[in-house]
Amino acid sequence: MHIPDGILSVPVWAALNVAAAPGIGLAVRRAKKGLSEGQAPLLGVMGAFVFAAQCMNFPVGFGTSGHLLGGALLAMTLGPGAAVIILTAILILQALLFQDGGLLALGANAVNMALIGVWAGWIPYRMLSQGPLRTVGIFAGGFLSVLASAAAAILELRLSGVPMSSAVVGVSSLVFLATATIEGLITVAVLQAVERLNPGWLRQPRGTPGRAAGLLVTAAILIVAAGVLYASALPDGFESLAHQLGIASRERTIWNAPLPDYEAPFFVAEWSKKAVAGLAGLGLIYGICMTVGRLLIRQRSA
Amino acid sequence: MRGDARRLASLRLEEWARGDSYLHRRDARAKIAGLLIFLVAVSTTPPSSPGAYLPVVLVFAAGLAISGLPLPQVAARAAVILPFPLLFGFVSWLESGNATFAAALIVRSYVSALAVVLLMGVTPLPELLHGFRGLGAPALLVMVLQSIVRYLQLVVDHGLRMRRAAACRDAGGLPARNRPSLWRRSSGALAVLFGRSYERAEGVHRAMVARGFRGDFLAPRPSRFQWQDGVFVAGCTLAAVGARLCMRVLS
Amino acid sequence: MSLPVVDVRGLQYRYPDGAYALRGVDFQLAAGESVALFGANGSGKTTFLLHLAGLLRGEGDLRIGGLPLNDETLPDIRRIVGYVFQDSDDQLFMPTVLEDVAFGPLHQGVDGVEATRRARETTAALGISHLENRAPYHLSAGEKKRAAIAGVLVMTPDVLVFDEPTTFLDPPGQGDLARLLQELPQAKLIATHDVSFARRVAQRAIFFAGGRIAGDGPVEEIADRFHWRLD
């Protein structure tokens, strides 16, 4: 689910841009460590593969078809660091070339699909892929990567004050469950086929965490994602928070439509504050990106 | 296959980006900054009514006029984002009964998308990626972006050829009970495409190493940021601020 | 006679699974000489060529331009040997032709302005200046091959290595390439299946079989001796 610009409220998209920058910075560092002598082109070409794979339909039944989203598959083959970078790059290109998702909302989409999606897909595989529950781990990875991304997106929309009744959230949740199941099934099928071609293409996690712990962590991710969806469906789930973050100023303007003259100065101050805050936010995000980048470079060369 | 439509869509952008207008000639970094300022101005305007966005629409129209891009096609390109805000506009209309707010949400999304199309229509993608690099994006991320752009069509074409080959051997539709085999074939095809991409990456890596690549990607330093580009960014800021002021006056 | 620019003695290479790909190859290439490389698929041609650019490391003695191949000389050797890969799409990995041609000099430590200047000079020399800002994906196979060669020539190599350069080229494209190769003064080693192409660009030929050089002599003679013909 690519969120376009103009839907999320300012605090939500700004905060998520700030959150995405260090997450991606860390992934860059992780990926550089994990790849031997800069196999950097691997990331790019596999990004092209995922992009292409998203265009290939799988028959699902009932005359419909689904397609791979690929976050979990990439994490299981190239590692989570590389997967985060690849998915971020894909999101940037989708926003620029195909207007899939907005630019200010890029941080939100990256947090949902690149960060949450990859880690929620990687952890079950990492913890379960060595024992008899291997297939379960792969399926759970694909399933949870989609479900967790979707839950995060719904949460962000709710926090932005987009009104949604429990019925709407309920129906969307069903759609998400179906999409997540399809992603899990495709991930299992494709990963097993890739493994038959060349087992060396898969990440084989080192060390064996206990099966119980693996199941527990997987269940925890599931519960958190489902919990977020459920809470979003509650009528008063996020209303007060949403009020503060997004809709507060909007309500005022909606219901006090023709502005009394004496309020104008207040509003000028209000909007200019917002604009300044927005620009300052951009500057801040930029500053954080640069600082994190510098730090990473310094650490790497040290 | 969606790939075909997408290929046409991005070809059109490339064609536009080869133009030569005031906007085309600006430094990519200046244009990215200008776009972000514009988007912030749009985003911080509360969706009180669709009319509130008239000033930013005028700023966009001025930009479009300077760029010389064709309005109907730019409008059509940006329209691909509409399903999402339409859905949410509709939902919020049902929930709150407030049609003005719903319409404003849709307009706000659409204007943002129009601005992105305008940027892409006046900036060749390679230049834009250099611009990201110049603004401090991690080198690895920019390189990944470049190679995705470079190899996307090649991989998509490979996928299409495999699909065609499969279709040639497929006499008529398979009966429903053979659906598992259809599924296996699809996943097998994706796995082969995965492998081909992996091998392609190895070939590319070898070619890079043969030309002196040692793990760190070097790019030429971006061209000098000229005073005209500074003026452009200042102009964008003024236009955005002006538009925000007008929105207030209008409402 | 001057020192050979490529001097290989007793080169052996084993795949990770232990099978031999090269079992003792001896080969010399004089400055400015052009040699065609024949042999069945899987006979070790590409494996041999990859050694010359230090992309594979086997056992034996390998000297390029008088330098023994080791970690210290590797950057120099990669400048001396220009490797033109079979699939131009592997080689043209940058967004535009000009950036791709500038990639080699940049990664040798040349600064950006100078790298771009050299790249422009090289594309002009190869008659592809008009393609500078094009994306490689939209080029014809012949244009891609020229761009790939430009990316190698810009590094002023003394030896050019071609792996199946006529693959993907139509007959006029092959003719074009043959004329270009005849004009280039560098020593050349050209792996190809096409005897008539080899005859136009090389005087001498070697024949690979089972990881060894089974024959060495004039192109026609080698083609006849190993029945390397359509019929």
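A, B and C are the chain letters, set down in written order, and residue numbers restart from 1 in every chain.
Heads up, the rule we're going with is that contacts are C-beta pairs under 8 Å (C-beta built on N, C-alpha and C of every residue); 3 or more make two chains touch, one makes a residue touch a chain.
Keep in mind that what you see is a predicted model, and the values were worked out from it rather than measured.
Q: Of all the chains shown, whose C-alpha centre falls nearest the centre of every protein C-alpha atom combined?
A: Measuring from the global C-alpha mean, the nearest chain centre belongs to B.
Q: Which chain lies the greatest distance away from chain B when centres are computed from Cα atoms alone?
A: Measuring from the centre of chain B, the most distant chain centre belongs to C.
Q: Please compute the C-alpha centroid of chain A, do the same for chain B, then give the distance between them in whole Å.
A: Chain centres of chain A and chain B, defined by C-alpha means, are spaced 18 Å apart.
Q: Nearest whole angstrom, what separates the Cα centre of chain B from the Cα centre of chain C?
A: Their C-alpha centroids are separated by 39 Å.
Q: Using mean CA coordinates as chain centres, what's the chain A-chain C distance in Å?
A: Chain centroid spacing, chain A to chain C, equals 45 Å.
Q: Which chain B residues touch at least two other chains?
A: Each of 125, 146-147, 149-151, 154, 200, 204, 208, 213-214 in chain B touches at least two other chains.
Q: Show the residues in chain A shared as contacts by 2 or more other chains, in ascending order.
A: 41
Q: For chain C, what residues touch not just one other chain but two or more?
A: 93
Q: Under the stated contact criterion, what part of chain C meets chain B in this complex?
A: Chain C residues touching chain B: 50, 53, 55, 75, 78-79, 81, 83, 85, 87, 89-96, 99, 102-104, 106-108, 111-113, 115-116, 133, 135-137, 151-152, 155.
Q: Per the contact definition, I'd like the list of chain A residues that touch chain B in the complex.
A: Touch residues, chain A against chain B: 2-7, 10, 13, 24-25, 28, 31-32, 37-49, 51-53, 55-59, 61, 68, 77, 85-86, 88-90, 92-93, 95-100, 102-104, 157, 162-165, 168, 186, 189-190, 192-194, 196-198, 201, 249-250, 253-254, 257, 259, 264, 267-268, 271-272, 274-275, 277-279, 282, 286, 289-290, 293, 296.
Q: Going by the contact rule set out above, which residues of chain B touch chain A in the complex?
A: Counting only chain B, the residues touching chain A are 1-3, 6, 9-10, 13, 35-37, 39-49, 77-78, 80-81, 84-85, 88, 91-92, 94-96, 98, 100-101, 105, 108-113, 116-117, 119-120, 125, 128, 135-138, 140-141, 143-152, 154-156, 158-159, 163, 179, 182-184, 186-195, 197-198, 200-202, 204-205, 208, 213-217, 240-241, 244-245, 247-248, 251.
Q: Please output the residues of chain B touching chain C within their complex, sorted ascending.
A: The contact residues of chain B facing chain C are 14, 124-126, 129, 146-147, 149-151, 153-154, 200, 203-204, 206-214, 218-221.
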